[in-house]
Every structure is written in C-alpha cells, then in structure tokens.
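Think of it as A, B, C and D in the order they're written, each chain with its own count starting at 1.
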Amino acid sequence: MENLTYTLLIDCQDQIGLVYRITNILYNNQLNIIRNSEFVEKETNHFFMRTEFSGELYEESVMKQLKAALPPEAVIKMSSKVKKNIVILVTKEHHCLAELLCRYQFKDLNANILAVIGNYNTLQKFTEKFDIPYHYLTHEGKSRQEHEQEIKALVNQYNPHYLVLAKFMRILTPEFVADFPNRIVNIHHSFLPAFIGANPYKQAYQRGVKIIGATAHFVNNDLDDGPIIKQAVHHVDHSQTPFDMAQTGRDVEKLVLANALRLVFEDCVFVSGNKTIILD
Amino acid sequence: MENLTYTLLIDCQDQIGLVYRITNILYNNQLNIIRNSEFVEKETNHFFMRTEFSGELYEESVMKQLKAALPPEAVIKMSSKVKKNIVILVTKEHHCLAELLCRYQFKDLNANILAVIGNYNTLQKFTEKFDIPYHYLTHEGKSRQEHEQEIKALVNQYNPHYLVLAKFMRILTPEFVADFPNRIVNIHHSFLPAFIGANPYKQAYQRGVKIIGATAHFVNNDLDDGPIIKQAVHHVDHSQTPFDMAQTGRDVEKLVLANALRLVFEDCVFVSGNKTIILD
Amino acid sequence: MENLTYTLLIDCQDQIGLVYRITNILYNNQLNIIRNSEFVEKETNHFFMRTEFSGELYEESVMKQLKAALPPEAVIKMSSKVKKNIVILVTKEHHCLAELLCRYQFKDLNANILAVIGNYNTLQKFTEKFDIPYHYLTHEGKSRQEHEQEIKALVNQYNPHYLVLAKFMRILTPEFVADFPNRIVNIHHSFLPAFIGANPYKQAYQRGVKIIGATAHFVNNDLDDGPIIKQAVHHVDHSQTPFDMAQTGRDVEKLVLANALRLVFEDCVFVSGNKTIILD
Amino acid sequence: MENLTYTLLIDCQDQIGLVYRITNILYNNQLNIIRNSEFVEKETNHFFMRTEFSGELYEESVMKQLKAALPPEAVIKMSSKVKKNIVILVTKEHHCLAELLCRYQFKDLNANILAVIGNYNTLQKFTEKFDIPYHYLTHEGKSRQEHEQEIKALVNQYNPHYLVLAKFMRILTPEFVADFPNRIVNIHHSFLPAFIGANPYKQAYQRGVKIIGATAHFVNNDLDDGPIIKQAVHHVDHSQTPFDMAQTGRDVEKLVLANALRLVFEDCVFVSGNKTIILD
C-alpha cells in the first residue's frame, strides 16, 4: 500500500466538535492532514469541510469510523486523486471542445474523456484526430424525449462521473437532468443572470454593455439557473459587433469551463441549494 | 490669445469625405491635430469623430465654416479644456461622494463641484469639511413632484453641465430626467442588466454569483436602463454575505463612477440611441 | 461574558495530529469553529492554521492548554475581533491617506488611526479635517538617524499595532525596520519585482509596458523586497504619459493598500521567510 | 474590381495638415473612411495614423499621390485584408502551438500557418494532425550559427510575413533577428520586465508574488527586451507551487500570444523605438 494523497469531503448540519471528531479519526489512523478548509454557511447552519491528507488509508474502516462519529445525514466522500471520467456533449461550436481535447491530449485535464456526443457531425472529424469516439446523434426527426433517451442510453454505457455540455445548444428536459444531479456542467455564454436564454452576445450588443462574460454552472432544474461554479469577464467596446463579441467571448468561455472543471475534478465544489461552496 | 488645446466632437450621418472636409478646415485655420478618433456605426450609418487640436482658435469663424461644410443635422461641439461644473445628489451612502470630494480637493477630478444635494442630512457635515455647500432637501411630507421641483429649482440656480447621482436612492420621474438629456450620470450597484432594481447585492448573494459589478450610465427614460458608460467587476465567493459584497462593491462603484466621469468630463462620450460611443 | 468571535493563528513545524490536538482543545472548552483554514508549506514543512471560533472564552486557560499540546516553538496568537491601532506615515501624495481617512471616518477600516506623521506638512490641513493628529517632522537639517529617532519616539508614544507607509517617500534604515518586524506595511507603486526603486511610472513608460501595478508588502530588510501581501494591476496604452500612468496608478495603489490592510487587520496574514501565507 | 476594405498605415514626423492631406487623397479617389485613429507621440513628435477605408482602389495611383503629399521619410503601408502568412517555431511545450493550430483549423486566426519548425520532435505528431508540415531541426551537434542558418534557410523558403515563437526556448542571435525586423513575435512567460530570463515561474514562486503574467513582444536586439505588444496577468496564491503557476500561466500565455497576433495580423501595431503604438 502506497503513501497516497486523498481528499475527504464532508457536508452536514453544523454542531460543536465536528472538526475535532473528524481530525481525531484521521489522527488515530495515522493520516496526516496537508490542507484543510472548513466553512459554516450561517444561513443554513450547514458545515462543509474539505481535507487533503496522506498516509496508508484503510478506507472501509475509516469510513465506518467517520459515519459513526458524524450526524446520520452527513454526506461523506473520500477519494484518492483518481482521474474523473467524462462524456462531452457538443453541437457545432468548436472552441470549448478543442480546449478540452488539447488539455486531455497533453495530460492537462485531470480527467479521461470517454466520448463526445454531438447532435451534428460538424466536430466529428476534429474529435477523431484525438482518438476519442464521436457519436453523432441527430435530433432531427425525433421528439425531444426520443433524442434524450438515445443520449442517455449511450451515456449510461460509458458510465461517466460527469457530463460536460461544451456548447451543447439543446435544452435538456427536467427528466434527463434529474438523472445526473450535480453531475452536468454547462458553459453559458453570458455573465449570468444577465442575458439568460438565446443569443446573449446579440442581447449584450443591443444593451451596449462594456463587459461581457461567461458562466460555468451545474445544470439542475431550470435552464441557465443551476449553481454557478465559475464566472469570468472581458471588456468590450462600441466598435465590437455581436460577431466580434462572440469571438472575444470564445476565449472567456473556454477558460471558464476548463477552470470550473478543474475545481470539480479536484473535488473542491460542494452544492448547497442553488449555490456552490468552493473549498480548495 | 494663447496656444491652447481644444476638443472637437462631431456627430452626423456618414457620407464620403467628412474627415477630409473637417480636417481641411482645421488646416486652413492653422490648427494642428494632436489626436483623432473616428468611428462609423454601421447599424445606423452614423459618423462620430473626436479631435484634439492646438493652435490659435477663432472659434466663431471655425464653427461657421464647419457648419457650412457638414450636413445640416450635424451636432458640433467645440470646447477648450475647461472644467465642467457639476452638482452631486446623494442619500446616505458616503463612498462615491467621498471619492469625488477627495479627487476634487486634490485637483484630480477635472470638474468643479458646485454643490451637493441630499434627501438626508447624513453626509452634510462631511461635505462641508471640503467647503462645498450641502443642501438638505428631505422628501418627507412631499409628493415626488414637489420634491423634484425643489431639487430642480436648486439645480437650475447652479446651472451645472452635469448632475451626478452618487448613490442617490430615489427614482427620478421621466419629467425630471427629460430636462437633463444625457446630462445625468448614475452609478448602479450591479453589473447591469443583471440585478436591476433594489438590493442588487442581496440578489447577487441569493443567486450565488462569483463576480459582482457596478455600472455607470446616463439616466434617460427608464430606471437602470440608460446608455452605459463604464462597468467593472470584482470576484466574490461563497463566504461573502450581502454585507461583505456591499463592502467589496463600494470600491468597484466609486472607481467606476469616477472613471466614467473622467470620460464624460474629457468629452470622450457620444450617445447613440441607448448606447455610448467612447472615443479617446 | 459575551459570546464573541475570536481568531486563532498557529504557526509551527508540521507534525501529525496538529489539527486534531488544536480542535480537541477548542471542543473541550465548548468553543465552536466557524471557519478554519490550514495549510502546510511543503518546502519548509511548516504548518499554518487560522481558526475563527465563537463561545465563552477563558483565554488564559485555553492558551495554556494550546501551549502544552503544541511544539515548543509554535507561535500562537489569539484575538477577539478588536480593532487594530495604526500610525500612518506620509510625504506629499494624498490618495492613499485620503482613502484610509475616509474609510476610517465611515467605519470601513477595521482599525483606529491614532496619528499621521509627515515629513512635509502638505497633508496636515487635510488630515486635521478628520480630527486625527498630524505630526510634521521634517527631515531637513537632520541626519537620517536623527530623523528616524524622532519618528520612532513619536510612534512609540502611540504604541500602534502597525505602521502604514501611505506613500512615505523616505527609505527606512534596517535599524528602524528591525524594531517593527512584520508590522510595517508599505505600498509600492509598481508591480514588484518590476521597476524597483524610484520613478516606477517613468520606468514603465520608458519600457512601454501595457499593464501597470501596485504592491502592498511588509517592510523588512531591503527596500521593496519584503513579503508581498497583495498586488493589483491596470491596463495602460501608448497614449499615456508617465503623468497619466501615475493618475491611473493612484486608484490601483489606494485600493491595494486598503485591501492588504483589511487582510492584515483581520489576522489573515502569516509571514514565512520572505513570503506571505494568506488564510481567510 | 470589388468594393473591398483596406487598411492604410502612415508613420512620419508630425507636421500641420497631415490628416487633411491624407484624407483629401482618399476623398478625391472616392474612398470612404470607415474608421480612423491618429496619434502624435509628443516625445518624438512622430505622427501615426491607421485608416480603414472601402471603395474601388487603384492602389498604385493612390500610393503615388500619398508619397507626393507626405514627407519623404514617411512609411506608408496599404493592404487589403489579406491573411498574413506565418511560420511557427516551437520547442517542447504544446499550449501556445495548440492554441494557434485550433484557431487556424476553425478559421479563427486570420493568418495562414505555413509550417512549424521545432528543435525537438515532441510536437510533430500533434502538428501533423492539422495537416501542417512540421520540420524537426535539432540543435544538437551544431553550433548556434549552423542551427540558425538551417532555420533561416527553411524560413526563407516559406517567405512568411511573420515568425511566431510559440515557446521556442532557444535564444536567437542578433544576426538572425536583424533579418526579420519587427517580424518576430515572442511570448515570454512573465510579466516583463519582471523575471527576465530563465524559469520565471520559479522566480515568481521564490519572490512570493500574488500575480503572474505573460508578455507578447517583438524580438529585436536583446532577449526579452523588444517592443511589448500585449500583456495579461492572473492571480496566484501561496498554495501554488512553480508547477501550479506554470499550469495557470499556460492559459495566460496562449491567450496573450493569440491576442497580440490578432493585433499584428490586423495591422494595428506600429513600432516606435522600443515601444508599440496600437491603433485599432
């Protein structure tokens, strides 16, 4: 058994002595804490803790001790730094997909891309250059439910940790989304909640804003309304058309998505209601 | 007659030869162009030009020549670099007012503050430290129209170039606003069009955004809906309460307002419909 | 005895079980952890922990227990959220001083300004508007040592937690600095380590940089070389003269200084060698 | 003859009437100015002007008229919006090359990549996925001069407008550089002039900076010392190792390089001494 690094995430109602109880168990098991962040959300009186530790871990035993020491509703996740598996959904735009594929190719993604699914075949040839399977599942001639059933069947074959919507321009039904709670990450091409919905760059141009942005978020019930993981912005001016803004925006979108995924893949993101708590 | 620097702003329908005709007149009058920016808004086929020039200016004569050379609807503004006069409206929050007063005190504002008007007296003592008259005009016991009449009467006595709403928390009626077209600058404490209306920091907290912002804009018809001059943002995280966000936000607000005013006072801002064209 | 919030800072060589031992003591004393950040610097194998807790604190007793539980060299600081006391040193430039005075005036500084000391009297009248004593201690006709002796004598009368150099343009001797280890905060008007020394904006202009910055740091041995607390930047372009850059830079400087001080005053800053560890 | 858009760049000593003379010629030739920026650098009394115009251009004739109207030393460049041709030099790091190849692949680069030259073959397979020729020219067993002669011979075959150093980790001799004045663009992985030379992220880590950056610049005489085109930065903290900083830095580097190249390829960049004047 190697001396590895592990991440422990704990999420439960706050009460006195939680940090002590948790760290006591780690200490008794000869595990050394490298980094620890803890946060109590006052509004909900909820306790969130992220701990990186190293040592020889007898996972089952430690898990049992933690469960015994914590409130029954506590969510406890313990993971060695294994790479997450992901499936990417796309439509026609390349920039977010290209960013993720290049990072993956050069071992800069911290995840395995199992497959790419597209409702167009525009990006098929490009994806296959990277030796990743591309599944072209057109939505044409299918009801929304039929199309989603196809996608879901395929995704389930791959059994990924996360689904990444890298400019997937179809609205997912609540039924689809409910099957992957806090496991679908989307990139929206605006600084949410500004410019919800279609054509945000056109909306931004018409409003004459001086800054545009992008938002990476989990997809839960409503479109563009899930817990926000990361946002970034870029300055624009009067001379930029919606086309120019989209060009500028692509750089923001791809980096926000990649950086949000880094947080997700490194187990830094808790979800509390409609918000994220990010501990790193 | 000194050899001064002047700014010329021209705004009309585009046609071929405009730059040539304008610069021909400057040349014939022995005026030297130091800096020139020109932009044609394709959507409206509108021409905007800002020119800084130096030399001995016979203003009336040059103006006459320009009018003769340009389309009849052209808006032509020529000004030496005189400081603009402003009146500031406030409620209770100090940070934007303090920023402007300190800049004024140390000759960093490029404008004269003629007076401050407040609907509370909270900031009176502070304002008077800077030897600026403070007029306390409460809205209590008055109809909105009566209150605005009082303000307008007072403002008109001072006859300022611009009115600056430095966290003035009253909604102005369209009648009031119509008297000062493109002459009222407001600071809104969100990244418009996100979080229009009251309590934007509370809205931002509840939405769980990762970036907050502020917007300086001209006030025309609708609340929070005028031409945007400048925006800026700041990163926030889950640990910040609405109170903390407001604290962070104050720094963004005061600088955005001050920097928007710099652009306005240096004659860099054109208004085209609901947008600004900024040439500097 | 009220139920207050306290901050505990601990800094020692890393060993297994530290978090457990510390939180055990807090638990045994019925103290509730609100927020906890811990970091181990691998390079030095050093342990840093910042804990906010609330409850009824018997400070002497808890301190004794902590000392018994931790390695003998451990540095342990425990403080209720009392405001820090500061003395500010200035020369002629107003912007950083004005920023701190306005924040203080409106209870936005989290510190008490005990006095301002200037080697010119330029800012005396302004300071006194805020009812803060201003001491004009010219350096003219004095050796550096004599001048510093005067300053030190005066500072010692006030006995502040921190000295803030708000554009104090004199180089302090190592002897002076040694008396206030990690207790002098300076604002340097460049993005250190670029443009060390005098006239950084002129240097920046001559080099043709596209971004300028400012750095708030502790002053230890060498000029411009102490542990950096915070940095920020602003874009500039070819049209800005050194004078314009200095104007833009003032906004960056004053906010970087104010925000660095917020971190210092809230006990978020550890010093490790020539670096800061910031836990919040 | 189509009705195309052209860019005109003029660079000469300032004198009265230049804008008039230039725009007079455009007017007389029925050419319509869409966008015009002009700047006089006071220090050198130098005039820079960038004009976008459209219409039917008789290039030779207009050029002749411009030459006759301007001072003899004037540099006049007129170009339709043709794509520039480039050759890219790399060593082993992928991120800047990948960024440029993906943009090129999706017609987002505004340039043709004629070839990639590497002193290692690390990136050969990746480059060839994009159907771009990769030339592996090892420096091993060769003198610096021999190696550069090989590169130069190959570059000259391609005859590109620009050479792009996309993490090419060899220092070029002044002789090589002199053959491509203002035609070599480099990306340096620090916020110049901070951390000149090797291992800037290690230097940044050791200095404990809170912001890292990247700089795209023309390469003229000295290493890391040419005219800066664009800079950008990213916040870092104490927890980031040099390895983490390099990871963060890659995102900054690739975007700064891509955005600097956009300015260069769209003819927005003038060089004046060791600085750039950017008109857009």
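Note that a residue touches a chain if its C-beta (ideal position, glycine included) is under 8 Å from a C-beta of that chain, and two chains touch if they have at least 3 such contacts.
All figures in this text were calculated on a predicted structure; none of them were measured in a lab.
Asks: Both subunit A and subunit B are touched by which chains?
Replies: C, D
Asks: Farthest from subunit A by Cα centre, which chain is it? Let me know.
Replies: Of all chains, B has its centre farthest from that of subunit A.
Asks: Could you put a whole-Å number on the gap between the CA centroids of subunit A and subunit D?
Replies: Taking the average C-alpha coordinate of subunit A and of subunit D, the gap between them is 36 Å.
Asks: Counting only residues that touch at least 2 other chains, which ones in subunit A make the list?
Replies: As it turns out, subunit A has residues touching two or more other chains at 35, 39, 239.
Asks: In the complex formed with subunit D, which residues of subunit C make contact?
Replies: Counting only subunit C, the residues touching subunit D are 39, 41-42, 191-195, 207-211, 213, 227-233, 237-239, 241, 272, 274-278.
Asks: Spell out the residues on subunit A that touch subunit C in their complex, using ranges where they run on.
Replies: By the definition above, subunit A touches subunit C via 14, 16-21, 23-24, 26-27, 30-40, 49.
Asks: Under the definition above, what is the set of subunit B residues touching subunit C in their complex?
Replies: 35, 94-95, 98-99, 102, 105-106, 108, 126, 129-130, 239, 247, 250-251, 255, 258-259, 280
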